[in-house]
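In what follows, structures are represented as structure tokens.
Consider the two complexes below, in which chain A is the common component and chain B and chain C are the respective partners.
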Partner chain A sequence: MVTSDAMTPAGPRAGVPIGPRDSKGYRLFTGLNAGVLVLVCLVVLYPFITLLAQSFSSAGAIKAGLVNAVPVDFNIETYRAVTQDERFWTSYGNTVLYTVVGTVVAMILTTTFAYVISKQHLRGRNVLIGIAVFTMFFNGGIIPNYVLISSLGLKNTMWAVVLPGALSVFNLLVMKSFFENLPRELEEAAQLDGLGWFGIYVRIVLPLSKAVIATMVLFYSVAYWNDWFSAFLYLDKNELFPMSLYLRNLIAGASTTTAESAAAIGTTGAAISANIKAVTMVLAILPILVVYPFVQRHFVSGVMLGSVKG
Partner chain B sequence: MKRDLTSGPMRRVGRRLTALATATALIGLTACTAGTDDEAGTDNDAGVMTDYAADTTFRATEPVNLSMLWTDWPDVPITDSWQIFDEIEKRTNVSLDLTNVPFSDAVEKRSLLISSGDAPEVIPLVYTGEEQQFAASGAVLPLSDYVEYMPNFQKRVEEWDLGAMVENLRQADGKYYMMPGLQEVSVPTFTLIIRKDVFDEVGAPVPETWDELREGLAMIKEKYPDSKPLADGFEGQSMLNYAAHAFGTVAGWGFGNGTFFDEESGTFEYAATSDGYRDMLEYFNGLAEDGLLDTESFTAANDGMGTVTEKFAAGQVFAASGSNGTVQDFATALDATDAKGTYELVEIAPPGGQAGQIVEPRNFWNGFMITADAKDDPQFVAKLQFLDWLYYSAEARDLLRWGVEGETYTKSADGTYTLAPDYSLGAFNINPDGKTDIQTDLGYSNNVLADSTESRALKQSYNTPEFVDYIDSVLSTRTPRDPFPPAPLDELELEQASLLATPLKDTVDTNTLKFVLGERPLSEWDAYVAELEAQNLQEYVDLINGAYERFAEKNG
Partner chain C sequence: MDVTDESTGGAVGTEGALRTAPAPTPRSAPGPAPGSGDGTAGVRHGRLRRRPRAGRVSWRQTLRRDGVLYLMALLPLAFLVVFRYLPVAGNVIAFRRFRPGGSIFGETWVGLRYVEMFINDPTFWHVFANTAILGCLTLAICFPLPIVLALLLNEVRKTAFKRVVQSVSYLPHFLSIVIVAGMTMQLLSLQGTVNQVVEAMGGEGIPFLQRPEWFRAIYVGTEVWQTVGWGTILYLAALTTVDSSLYEAARIDGANRWRQTWHVTLPGIRPTMVTLLILNIGTFLNVGFEKVLLLYTPLTYSTADVISTYLYRVGLVSNNLSYAAAIGLFQACIGLVMVLSANFVSRRVVGASLW
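Showing the complex of A and B:
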């Protein structure tokens, strides 16, 4: 705002003191704003801080409710124990694998499909869009999906996790409208220079779409990183389980949330101590936590992409 | 599915599981009905052991591969190197092929697998009542047809006098579809845990009845005016459950279908309108009014005991519901405070009341079901024999709990089990210095198979002396209530019953809490009963009584 004012000295407000912005009321307003935002930040941050503090505390102190923002009985033994667990690293490795492969597959499918349906002159284009959009509103349901995956022979393979989510229609439509806004002249010029459709797509369109591709990569990779449900449905072998499944078993399983299961299970089940849970959670969210601040601006621009029709 | 990937999966877990449950129920309804009653014949007796009998080791005459659902507990992760599977195969010639399911959502996954026809042959960890939905759709076998192949089961049932309870497993068609885990002795898993040192300090005896408990709590309150000495970390459901038996009714977790069998009239009546139920509410309301009951714990969402444990550690609560494991939780928390070394936690037998020193009826523990497809397997009979050996023979039970005799443990002439010095069992704090943990390293004492069927000696062998004292005190001073007679509903009635029972139970739950907390005075009891009657209470009770009479007529 300040820069735009500075750049238009001849504008109607030239020479007028910036006025209301420096007034008492405005300062009070910004002060309050800052205060509220800091509070919101604290509310959002506090669970993370507690989690971090718990991960360095002893189980007894956590159970007694003594741990808030500062670790009690500081120790790194729990970190040592968790990172020595083979299963932890197996599932971590699986999550990385599923995320990388899944994102690559999803990007190939989404960009190619989106490019095709972005071509207004394509006959049957609306049918293709219709087929894609149809799946946003209707699907076969869990058990038919399960039977399908099972009879395709995908059960207990990485593809059961990767393929069902590999084409997000929402992402597809965002990408389609981005492609539609690319200047047609560029492609025509490339055509004149002798490039075929595929060449245009690979050498002209994709390099010009880095922003939307970055956003989509982020969307897909976060989704795959967090995906729990398809792994839960389609995988029966421990060595294939991703982090999300391992973590959920550790947390939801150990706390026996429903009364019935607590009654039925009785003595077992509560044995995972709170510090182990905390450490595992910290380690599981770490990569996303580290990467996110650097790419989140793409997230914001990505959401905006779909909203403007060209 | 595709759209869902763009939002946080964890948040949607609940909704999806609901959808899954609904889908499963639908499949159950539409699936074909129970198959034919083919007796096991000559075409499925491959590998069978012809002279198999009770207390002999089963050994298949040809290699058998049995598929089994395996719930994976986070604290006991299964590994390939577990000795238990090798040992089973060595003795019986049966290898197990496992389908792993994480414990957190094991029940949902089990439904999915069975409904889609993709389930392994054996489904362990089935608790009484859970088999009903699968039985109705014919997805699992009526195992009562095959008990002739299970001599150990028959022997244990007779030895431990469980015949009448087995009869109670029968569904409307007169068959039962699960083989339960048999317990020689059965004590309530959840009961009252007290700080005995504090009861001693104020001069209160260990309460034998709810009235004595109230006196003791009042004395504690006098000494610690800021405390609310009694709590239940399970929204009151656990405490109401074990208290109800003493008041001659059912409530909380034990509310079941809401009916209570009245021995005198020989009919079922609705529990939540009975005098016993009213007396119980009056009792707890009295506690709440006197500030003896931590009412917060009756309303706070069940968060796995977090807050009650905290209050226990902070000295604001001195008696709370819990199991054997909860005692450990309380102890860990108390150890982190100044009370370390001075406190004494005791699991007491559930107090008695106007109905006598009554506790819950004897219970089965988890057992297994077999999926319908297994019947056509050429080795079906051998598999039945193997399961009989695994679940009901003393030899297998010792193996599953303690390992190999002479290697991981020894058994003395008087039946005492001793773990070999090189081995430990961390979950029960036995030989903590041993190098190899028989549970996490070798797979014995695992939660899937080891708990199911237990003799008293076996149950006492691994539990703490305090828990053994608890078992003794319950068995010597309390009487289990007689089980209600069976009143199995057919498929249509089941649906009707659930339509009727759900609103009734909602009304009961809401008002139980209101009466206890004093938000609704007990003078409005009649109005409350009238509200229930307006919700077709009579029709519901008639339905249950009709099923009871029909079953009695058909089966004597």
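Showing the complex of A and C:
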């Protein structure tokens, strides 16, 4: 009822200065709206807050159900214990390695192919685009992919994690439309100066595309950073596990890995206490949280670039 | 190798032609832009502007001019063939007996044996139903919510506040599904906040993740948490493109804000809505497989088990690869049919489509 009342009065749209025509009802709506949005923020943030609180609390306090938004028995012992575990750092290092290598490979594949299919005069261009786009709508599925990776001998190598995700068609199309919109005169001038296609690509097009390249790098690195499933499928050796898989095993509390690492951190029994899980999760999210405020707008602009193409 | 030689040779050749304009090489003569007087312009047009009348240029000339481009496409194409198309072809094992360690395309034809097997498998139909229910719930709840949130955000006039809400609401999108599952488990555990609230209100603690009747709510809830904020981006972008003179006109016609929203804003973002709806429908059977895998337990199989998790267990845990591939292929085909038909319907009904 309240909302419909609040919606009734006529007033200027958002962005238009607030005029005297703003009625009481509209102001009520604005207030309610702000309230709803604050609530949304709280709901989004609460899991982070409670995670942080748990990470600074003692296992006993969490077990007693005392920890919500504020740490109980504040301590940083858990952080010390987790960061002293060798496995934690191995998996962290693996994640960094897979992310860097994967992003580099993916960027090479994506930018070169995007450049080629951005050339509107190119014969067979539509075929090339079609080959890429088809894979968006029909993929092989888990089993054939698994069989393929196994028979290529990639199991238990970094490449099983890096290669399958190395070309996202969405990112490809975003780059393609960006390249298509670059001013043509520059390329023509370069051509008159005797540069071939590859020279133009390396010396003219790539330097002009720093913004979109940054966005794509972000997209790919987040995808690799967060990926756990290909590691879960294709890697059996603890020393190859990325952070996400280490974390998954910790959370699931199932495999031998976790029991061992629990022993390593000095916890007894197979059950990993909640504070250790919390600390590991906080440390896994941390890089994303630190970088996020600075790069967020690149992500947004990347999504918009993609949507322009439709 | 052939291609390389020819293309580099070609490139040099045309560049030569550029410098010594008056004498066009015989090869480039029939090609580009008839009517453009000098060779320079002709070559330029041929290379950068649209291709001159199709059919005139022979493949040899194309290769000479654009060979480098095809060469650049080789690596990505090889990637697509190996990592995207081979698995598609690998689906033939759904119709062939597969021996681990043998050919990825299987050993002998068995026809529709595995297809019949899953059609007669009651568990398959059970997980199919679970998948459809989860998919429908997700679509019904996670599709409209970003629109609502975007409309609410659009009414905010304080830019700083708007920006903060946006930043906060995008954040979950960047989290690994493992983290989301971990948070969910912590929040819903017997010691978690949710159960504390339940107990404070006089209820008894519920082990949510072990109760089949709660799984769907948990699944959709986490999905909302993770996707709704990010989902507003495209709508917010579409909202800025709505012509403000339409609002003016609507106001003059006496439309209040609610009516303006209904008659101007919503139609303005309809193409975006349709596009996203089509995409969502197409992926609707691929319900967040990874999340289900992380959150379900044998106790909740009755509501949580979906096609992908079932085929994962059948194929990779019990090693029935062919049987699992048959199920996967069926799922992929349904997905394809659904995108195509959603696209077809939307082109007919609202005149917007993906292609």
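Everything below uses one rule, namely that the second predicted complex is superposed on the first by the 256 of 310 C-alpha atoms of A that agree within 3 Å, B and C clash if a C-alpha of one lies under 4 Å from a C-alpha of the other, contacts with A are read in each partner's own complex, and residues count from 1 in each chain.
Going forward, a residue touches a chain if its C-beta (ideal position, glycine included) is under 8 Å from a C-beta of that chain, and two chains touch if they have at least 3 such contacts.
Note that this is a predicted model, so its numbers are computed, not measured.
**Student:** Tell me the contact category for A:Leu233 with respect to chain B and chain C: first, second, both or neither.
**Tutor:** In the superposition, A:Leu233 touches chain B and chain C alike.
**Student:** After superposition on the shared chain, which partner residues are touched by A:Arg87: those of chain B (first), chain C (second), both, or neither?
**Tutor:** First partner only.
**Student:** Based on the superposed arrangement, let me know which partner A:Glu188 touches: chain B (first), chain C (second), both, or neither?
**Tutor:** Touch status of A:Glu188: second partner only.
**Student:** Counting touched residues of chain A, say whether chain B or chain C comes out ahead.
**Tutor:** C
**Student:** Per the contact definition in the header, classify A:Ile142: touching chain B only (first), chain C only (second), both, or neither.
**Tutor:** A:Ile142 sits against chain B and chain C alike.
**Student:** Quick one: classify A:Ala59 as touching chain B (first), chain C (second), both or neither.
**Tutor:** Once the two structures are laid over each other on A, A:Ala59 reaches chain B alone.
**Student:** Could you tell me if A:Ser244 is touching chain B, chain C, both of them or neither one (first, second, both, neither)?
**Tutor:** Both chain B and chain C are touched by A:Ser244.
**Student:** Let me test your reading of the model: by the given contact rule, A:Phe219 touches which partner, first (chain B), second (chain C), both or neither?
**Tutor:** Touch status of A:Phe219: first partner only.
**Student:** Have a look at where A:Leu167 lands relative to chain B and chain C in the superposition and call it first, second, both or neither.
**Tutor:** So A:Leu167 meets both chain B and chain C here.
**Student:** Please write out, lowest number first, the residues of chain A touched by both chain B and chain C across the two complexes.
**Tutor:** On chain A, the residues that contact chain B in one structure and chain C in the other are 63-65, 135, 139, 141-143, 145-147, 164, 167, 226-229, 233, 244-245, 248, 251-252.
**Student:** Inside the complex, what are the residues of chain C that reach chain A?
**Tutor:** Where chain C meets chain A, its residues are 8, 11, 15, 18, 40, 44, 46-51, 57, 59, 62, 66, 68-70, 72-73, 75-77, 79-80, 82-91, 93, 98, 101, 103-104, 149, 152-157, 161, 164-165, 167-172, 174-179, 181-183, 185-187, 189-193, 195-196, 199, 225, 229, 233-234, 237, 244, 247, 251, 254-258, 260-261, 272, 275, 282, 290, 293-294, 308, 311-312, 315-316, 321, 324-325, 328-329, 331-332, 335-336, 339, 354.
**Student:** Give the list of chain A residues in touch with chain B in this complex.
**Tutor:** 58-61, 63-66, 72-73, 85, 87, 135-136, 139, 141-143, 145-147, 150, 155, 164-165, 167-171, 219-220, 223-224, 226-230, 232-233, 236-238, 241, 244-246, 248-264, 266-273
**Student:** Taking the complex as given, what residues does chain A use to touch chain C?
**Tutor:** Within the complex, chain A touches chain C at residues 4, 7-11, 13-15, 18, 26, 29-30, 33-34, 36-38, 40-41, 43-48, 50-51, 54, 62-65, 67-68, 108-110, 112-113, 115-117, 119-123, 128, 131-132, 135, 137-148, 151-152, 163-164, 166-167, 184, 187-188, 191-192, 194, 196-198, 201, 222, 225-229, 233, 244-245, 247-248, 251-252, 274, 277-278, 281, 284-285, 288, 292-293, 296, 299-300, 303-304, 307, 310.
**Student:** Could you list, by residue number, the parts of chain B that touch chain A in their complex?
**Tutor:** Those residues of chain B that touch chain A are 1-6, 8-10, 12-13, 16, 19-20, 23-24, 27, 72-75, 77-78, 99-105, 107, 109, 112, 115-116, 118, 127, 189-190, 234-235, 237-238, 241, 253, 302-307, 309-310, 313-314, 323-326, 329, 332-337, 366, 427, 447, 451.
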